[in-house]
Every structure is written in structure tokens, then in C-alpha cells.
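You will see chain A twice below: alongside chain B first, and alongside chain C after that.
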Partner chain A sequence: MLRLPTLFRLVAFAVLIAFLVQPQWFEPLLRPLVQENAPAIYNQGSLLQLTLLHLRTVAIATAGAIVVALALAILVTRSSGAEFLPLSRSLVNIGQTFPPVAVLALAVPIFGFGEKPTLIALFLYGLLPIFENALTGLTTLPPSIMEAARGTGMTGRQRLMKIELPLAMPVILAGIRLSVVISLATATIGSTVAARTLGEVIIAGLQSNNLAFVVQGGLIVAVLAVLIHDALQAAERSIGSRMGR
Partner chain B sequence: MQFRVDKLGVIIAALAAYGAFLAPFATFRANRIVAGEARSISEALPSAWTVVVLLLVVAAVIVAVLKTPSRLRLGTAFATIAALALGIGAAAGHLTPPENTYARVSPASGFWILLFALGLLAADALARLRPSPLVRVLFLSAVLGFIAAVLTSGTWDGLSLLKEYASRADTFWAEAGKHVTLALGSLAAATIVGIPLGVLCHRVTRLRDGLLGVLNAIQTIPSIALFGILIAPLGWIAIHVPGAAAIGIRGIGTAPAFVALFLYSLLPVVANTVVGLAGVPREANDAARGIGMTDFQRLVGIEFPLAFPVILTGIRIVLVQNIGLATIAALIGGGGFGVFVFQGVGQTAMDLVLLGAVPTVLLAFTAAIVLDAMIEMATPNRSQVQSA
Partner chain C sequence: MIEIEGITKRYGETTVVRDVSLTIAPRTVTVIVGTSGSGKTTLLRMINRLVEPTSGTIKLDGEDNRSLPDYELRRRIGYAIQGHGLFPHRTVAQNIATVPTLLGWDRARIEVKVTELLTLFQLDPVAFGPRYPHELSGGQQQRVGVARALAAEPKVLLMDEPFGALDPIIRAKAQEDLLAIQKHFETTIVLVTHDMDEAFHLADRIAVMDKGEVVQYATPAEMLVKPATAFVESLIGAGERPFRLLAIETVADAVEPGAAEGEAIGSAATQREALSTLLWSGRKALPVVGPDGAVIGKVSLDGLVQRAAGPT
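Right after this comes the complex of A and B.
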């Protein structure tokens, strides 16, 4: 039997898909928000296409951030990279006090307008939570297990692949989820630097004083973010339970 | 004595060498709009300054590469950063032709790379020294004091960033006020509402899961979307509820930004209050009950003080997050430093972006250090808290 929250999410997902594919079905609902002759449904591009572009940007940036953050975290937690560990910790702390908007705005003069600065900002900002959680996961492993792994004669590489990474995985996955949620939000602001994302709908609404645009853009982004967050959380739980945690 | 090489130092040295010798130190533009021309250190600085800056950079590189005591590394890093800061001011005077008010001089990539490399050196030394919270705050005050002194002395007045400021001094402080009011006001409101909610959640388990779930979902919604969604209901309230418009409730502007920041702030405050109260040892509560304390006395006298460091951690998260998010309020007419950031992006005026971004970052950074120090001082077992 379906639990109530799951049912609620499925309905939200179905409505979201319906809205993206057939937005005109919802026109009567949004009509009261606009003046007589203003369009109630975003008319400067397809909502579905914007959503896909938005998701693509987030996916590319997150994939890059996962690879780089994990590699760095593994590097600084090996004995040969130990000299970098204290600095890595403070860099993560300092980096997270930088607002995403600032990172995005400062990327513009270097990389120009459009997709590129958004991708760079998403990538840089997405690194932090993954790196932080991977560091936490890899440095707080129970010493008894590490001792046992060494005792059975496992090489450093085997220990990393078979013991350390699997044990740290739940914490790392939580970091990835956090990073995706932040990226979804930052990508929305990316449309202020002319990246094609769902932020475009909200900004267009704000500029032309069209409340319907603002509300539909805001709702699509919000529902998307909440659903993706919950889906990732569910995936974490199922991976976690398979690993016996 | 044998010299050993510091791996991190090698990276810092390579960055610093690139920044000092290969990348341009300053950019010169004939006016605000035209493309800039790059100037190396020796071109940008009067010869005496060139010698001072380069000598200090070389000293910092040597100190970084060799394994040296952390205090020496920190001292050298800060001395070199100070020289760079004063030097870029001197560059402005040196590069701007006399009587020319249109020319713009700004720091170029070499300056930023040098600053980044030296910042790494300083951050690494600080992380190794593990200074006590009080020392960290004193250190921060010294750095802020230095920046304030350089700003008031007029050393940087020739720089493009300060020229942008000079032409907007009034708006700058008005937006700064709005930014701080938004960030602190929503934090205050969230603390007043969130802590009692947290206490309630702690006592009533069924309420806890539901409320935390809803707050979690809100936290997931991207800020600009939440700002946008709130415009509709607040606009409706402004029109239909008598007196609402009079106290400043409007569809766009500060009201939706304030409400959104307040909603974002609730989760960390409520969740940390719950976690903090749950962490109060059973023995402490039993002892309090044993001596006949009422529920309220127990809450105020025992539970709350013990949970305080965890609640403070929630407040720190909220404050840093709000200072950053308040920038986005500018998109819906809520003011704040974001006004300059988005204007700058619109006009492709980098200096204007910096005028909004630098104070925001400084503010968030200061808040993080001060609150981290407060949390560490409030925590009985200091070794358990990680420092920034």
C-alpha cells in the first residue's frame, strides 16, 4: 500500500509533467493573476525545454564536482597528502561563506555571459558540500576496522576501494544531495547572466510585471527541487540499507 | 640543519611566482567603458614599491617552500598581503595621469592570484596553529581594522572600485542598511518563533516529524522561486487586509524577501533546538526533577543552557546563509548589496559587481568567525568543536 507522503509526491510529479507538456490546460488557474490581455502561460520559450536545459546544467556541473571533490578528498586523506588536510578543512569552511550569487557574478567577467559562468559557478560551489562530507566520511572511520583491514594484509588501494569508500558512502551521498539542491537554486539565478534555465521565466515575470510567469516559474523550480531532493534521499536509504547500515 | 620541502608550499610558490612574474598586476582603462590594458608589477608600481613587493613575495615563496614554523609563515604572509594592499593603491596613483578623472585602475589577475596564494599560506598556518576563539576574533578585528585604516587613509581612492563607491556613497550605505536589516531581522524573527517551536517539537513527537518535514521542503526551494511564489499571497494581503499595506506589506520589495528569509531560517533554528534538547543528559533532568523543579524551571535552568551551543550553531548557519541569500532580494526590489551585483552584471561593470560582492563576503565571513568563536566558548568540552 502506498504511504500518504509517497502518494502526494507521485501526484505532484504527475501534475508537474502535465504542466510542462500541456501548460495551456492550466491557463484558467493562472488567468486571474494577470491583466486582461497579458499572457498567462510563459510564451517566450517552451517550459519543457527550459526545464531540461536547467536539469542538464545541474547534471553536468554536479558530475564534474563529484569526480573532482572525491579525487581531492581521497588525495588529502592518504598519508602522502596529509600536509594538505588542515588547509582543506579551512578552505571548505571559508568557501561556504561565499554567497553563490557572488561566485556567479564574479565568474561573468572571466568567462563571459551565458552557460559557461553558470556551469563554473555551479561546479565550484557544488564541490564544497561533497568534499566536506567525503572528508568527514573518510576521516571518521572506526580505527578498529582500519586496523583489521591492515591486519589482513590489504593494500592501500584495496582498503580504499573495499573498506573506506563503502563505509563513507552514506555521508558522501548526503553531500551529493546537498550539492544538487544548491545547484538547482544557483542555476535558477544563472538566468540573470543569460544562461537558459527556469529562472528565465521568473525574471521575465518580474520584468514585465506578470505575476503568472513568476508564480509558474517559481512553482516548477520549487516542485522540481523538492522532488529531486526526496528522490535522492530515498536512493540514499536504499543504498544504505543494502550496505547494512 | 637540513632543509625539507613543504608540498603545499610548492603549490603556493608556483601560484605566487605565476602571479608576480607572468600575470598582469593591474589593469588600466582610459575610461569606465573601454577594454583594459594589462600592466605588469614593474610597470604598475613606482620602482621603490616594485622592489618592496617583489622582495616580500620572494621571501614568502622561500618561507612557503621550506618547512618553517607556522608563526613565521603567518607573519610573512600577512606582511606580504599588507604590502600588496598598499601597493595596488600606489599603482592607481602611478598609472593614472595627473588631472585625469576618467581613467580607471583596477587589480588584475596577477594581483588576485598573489592574494589567493598568500591567503592559502595564511589560512594553512592558522589552521595549524589552532588559535583559541578569543585570538581568532582579535585577529579578525586586526584585519578589519587594517582594511578600515587603508580605506579611511585614502590609499585606495584612486582604484576603480572606490570610484564606483564614491559616485554611490549614499545608496551604498542605504543598501548596506537594508541588507543587514533583512539578514538580522529575519534571523531575530526566526529565533523568537523557532526556539519555542523547537521546544514544542521536543515535547510533542508527532508534531516534530511533520513540522521538520515541511521546513525541510521549504529549505529545498530555491530562493528566487520562493521570493516569487510569496509575491502573490503578500500582494493579495496588501490589497485585502486593512492596514497591511500601511505597515509595509507589499507584493514586491522587502516584505516577500523578509518572509522568505524568515522561512529559510526556521529549519536550522527549530532542528538545532530539537537536537540540542534531545542531547541533554537524562541524569541532569532527573536530578532537576528530584530537587522539585517545575517543567518551566527545568527548561530555563537546565535544558536550555545545556542545549545552548547547539542552538547557537543553528543561528550561525542561518546568519551566514541569510547574508548570502539577502543578495537575491534585489531581484524582487528588496534592496541590499545584490542591487550592485545585478546592476554590475547588467552593465558588465566588474567593479560594480565587486562593490556588492566584497562587502557581502566580508560580512558573511565576519559573522562566521565571530559565531564560531562564540560557539566554541559556549561549549564546555572545547576539544569536540571544530574550528574554522
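Right after this comes the complex of A and C.
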């Protein structure tokens, strides 16, 4: 039996796919938003292709952020790496406080226009939530379980892989979820430096005073963010419930 | 055999354990008691090197416990703690299989061992093996914790307040089970507790710790008759002494010739239980039956009163 919220999500997903594959079906809905003779459906490229490129940019940047943030969090929670904790905290915090727009402005002269400056901005911006959550997850494990893990004769690496990471996984996933959602929205500004993302649609709409473009670009990003957010949350819950949380 | 020789543990200026020497005989239950902060848990944890001593040595069967890497040592020593410490993301069967898996046993052997242990602890292997720890009651979790500690057939089992989180009825049952399992596997058990009833019930020998030192290491009977210090005496509880003395020995040791009226008591019951029955039923003597159910004599109120008397 499907619950109502699940049904909503399935419908939203179906509508999104339909819109990306056959945008002209939705033309009558968007028509009232534009002036006479202006196109109501984005006509300077395929919406489907832009969406896939948008997702790819977010996926690459997030994957990089996960690897670096998780590695840092693991390093500073080992007794040998504890002294690096303040340093990595500040580094990751700088990444978050620097506005992505500023990162783009600084990165373009070095890497040129295109996808690279956007990837760098998203990567830096995505580090903090993953790092902080991984840190919380790895430092708040129940002492009795850690004691038992040592007592059964697990080596440091075995404790990390078999006990600490699996137990911290729901909290780590929550950090990844935050990071992904922020990146999905932030990626749109990459189109100001010619990265191919859904920002193109929004920027085109702003430039030609076409509200329909702005709305469709914004809505696709919003629906993607909501669906991915919910999917990751469901994954967290299913892992968490097995452990009786 | 565990030989603890001149063990001291200091954290900075504070000495937690001071020059402790104990020899623990194989296949016995040794209980370490003391108030909180007496160093009893630290002493226990130095046996499997969860804590490294500042000075002194600990030998297991004549071998220094620092002669192999700490994780290999711990795989050979069972360890059960208060609140069980089960891994919440692993099933009961996987939890019990922890140490055998680390030791690289093959799957069939692990499965046989898990089934054997679950059965021994009165948990149906089919029903409980695939469950997660949070689906079990406190008493069941505790039994799985002990089963996990015993899975690799260690000669030594260390227990840190293993029954502390259990209610009195389940705790009594867990203690009986532990004694039965100790006889079954002939494990050397070192158990830490602050519960004197538990200590007197389980121990072959009791070590009393106070401010980091062992103030007395003796059998329960010796300790009752000759407490070494005022601290030991207060720990035993002056009002409890005669009853603890009776609780150590069985009715079989107090049987007198003759007959008595009324319901009989088994010879394996403790003398304290016999006294309790006598007082409650208002009789002067009880018939005693042996393990086969035949009457072997009587146990009398006067006899028990004499036995409960301390040295004068």
C-alpha cells in the first residue's frame, strides 16, 4: 500500500521526466507567463541534456567533497591525527564562508570559462556539511560499543571499517544529503561562467525578460532537489531503523 | 593461571592501582570487589591490555601478556561488560561470531559454534540468530554478550559488572547460568562487581580492593571469619555476616541424624535457604532429601545457629 507522500513523489518524478522528454506538452501551462510571440519552452538547447549535465556537475563535485571530507574526518578522529583537528576545521570552514560566486570569479582567470570553476566552487562549498557530520558521527559512538570492539580484539582498521563507519553512516549520509541539496541549487550560478547547467535556462529567461524560462529552470532544479533529498533521507532511515534508532 | 605481579597504574600524579600481586588459579571464579574508584576495573582491563600498566607484569599460563600484539591477546581472552556492548548493526549470530571471524574460522565451524552457544544460553538459534540486538530484552542481550565473549573458547573470561543493568530476578538467573557455563567450559573467570551478594554467591576467591590496593584476597568463608581490615568488614556488612556464612555452605554439610516432620529440603540448597524455611514454617527441624529424593537426615534450627556463629 502506497502512502500519500510516496505517491506525491512518484507523481512529481513522472511529471519531471515527462517535462524533460516532451516539454511541448506543457506549453499551454507556461504560455500565460510570456508576452506575445515569445517562446514559452526553452528553445536554445535540450532541457534533458542540461539536466543531465547539471546532475553530472553536482555528482562529480559531491563525490570529490565526500572523499576529501570523509578522509579528513577519519584522519582527525584517529589518535595519531587528533592534532590536525583545529587545522582541518578552519580549512573546511573557509571553504564554506567563501561565497561560491567569489570562488567562480577567482577561478575563471586560472581555469578559464566552463565547468571547472563551477566544480571547484561546489566542491569547496560542499565540504563543510559532510566533514562536520562525519566528525559528529565518528566522535559520538556509544563508549560501551567501542570498548567491546577493542575488547574482542579488533585492530584499529577493523574497528573503523566494521564498527565506526557503519554506525556513523546515518549521520554521514545526512551530511551528504545537505551538501547535495546545496550543490544542486548553487550549480545554477555556474552558468554565469559558461558551465552547462540548468542555470542557462534561468539566465536566458532573465536576459530576455521571459518568465516562463525562469520558472521552468527553477522548477526543474527544485523538484530534483526535493526528490534527491527524500531519497537520501529514506536511505538514512532504513539504515538507522535496522540499528533500532 | 593468571599471575599478576607488582602491577601499578598511574595516571599523572594519581595512582589508580598500587603494587597489586594476585595469583588466580585455573578453572576458578575470582571476584574483584571494591567501591567505585578503587581501581578494580582498571586492574581487570590490564589483564587484556585495554589499559597498559605503568609497571609490573601479568602472565597468562606463564606467558607475559605483552609477548604478542594486544589485539591477538584480546582474541584469546573473553571480555563481557555492563550494558553488553553488542554491535547494533549486526545480528545476534554475527555478534557472537565476532571473534571467530577475526580468527579466520571457516563458516561451517562458526555456524556450529553460534548454534551451540545460543542453545546453551536457552535462546532458539533459528528465532534469535537473525535478530538485531535492539529486538531483544535486557536479559537476552546480556546472554548474547556473554556468548560472544565465549565464542572463541577462551581459557580466560573477564567480566566487568556484567549483570549490573539487570533486574534482580534476571540477575539471579544470569548468575546461575554463568556458574553452569563455567563448569561446562572450565573457564577461568575474573569478574568485577560492587555487589557483595553477587561476590559471595559466585566467587571461589574474592579480592577486595580499596584505594588501588588489594586489602584481602581470600575464600569467601575466610573473609567472613577473618576480615583483614575494617574496610572489608564494612563491605561485608556486620549485620549480614552470619547469613552470608550460611549462604556459602550447602545443607549437605549440616545434615544431622534423625527424622523431622513436614516438607523436606534438598541437600543441594544453601543452609541460608534452610534457615529461612525453618523460620517461615515455624519448625525446629526439616527433613533433608538427597539428590535421589531419599531422606538422609534432618537439619535443625539449633544446628544452623551454631554453624552461623562467628569465632569468639
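One rule holds for everything that comes next: the second predicted complex is superposed on the first by the 235 of 245 C-alpha atoms of A that agree within 3 Å, B and C clash if a C-alpha of one lies under 4 Å from a C-alpha of the other, contacts with A are read in each partner's own complex, and residues count from 1 in each chain.
Throughout what follows, a residue touches a chain if its C-beta (ideal position, glycine included) is under 8 Å from a C-beta of that chain, and two chains touch if they have at least 3 such contacts.
Please read these numbers as outputs of a predicted model, since none were measured by experiment.
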After aligning the two structures on chain A, examine chain B and chain C and state clash or fit.
fit
From the CA centre of chain A, what is the angle out to the CA centres of chain B and chain C, nearest 10°?
100
One more residue to check, A:193. First (chain B), second (chain C), both or neither?
first
Looking at the overlay, what does A:151 touch: chain B (first), chain C (second), both, or neither?
second
Chain B versus chain C as contact partner of A:50, first or second or both or neither
neither
With the two complexes superposed on chain A, say which partner A:204 touches: chain B (first), chain C (second), both, or neither.
neither
Per-residue contact with chain A, leading partner among chain C and chain B:
B
Report for A:83: first if it touches chain B alone, second if chain C alone, otherwise both or neither.
first
Touch test for A:219: chain B only (first), chain C only (second), both, or neither?
first
Counting only touches as set out at the top, which of chain B and chain C does A:163 meet: first, second, both, neither?
second
Partner chain in contact with A:73 - chain B first, chain C second, else both or neither:
neither
With the superposition applied, I'd like the minimum CA-CA separation between chain B and chain C in Å.
20
Which of the residues in chain A end up touching chain B in this complex?
5, 33, 81, 83-84, 86-87, 89-91, 93-94, 96-102, 105-106, 108-109, 181, 184-186, 188-189, 192-193, 199, 202-203, 205-206, 211, 214-215, 217-219, 221-222, 225-226, 229
So, in the complex, the side of chain A touching chain C is made of residues 144-145, 147-155, 158, 163, 166-167, 239, 242-244
What part of chain B is in contact with chain A in the complex they form?
6-8, 120, 123-124, 126-128, 213, 217, 220-229, 231-232, 235, 251-252, 320, 323-325, 327-328, 331-332, 338, 341-342, 344-345, 348, 350, 353-354, 356-357, 360-361, 364-365, 367-368, 386, 388
Could you please specify the touching residues of chain C with respect to chain A in the complex?
48, 50, 71-76, 79, 81-89, 98-99, 102, 132-135, 145, 148
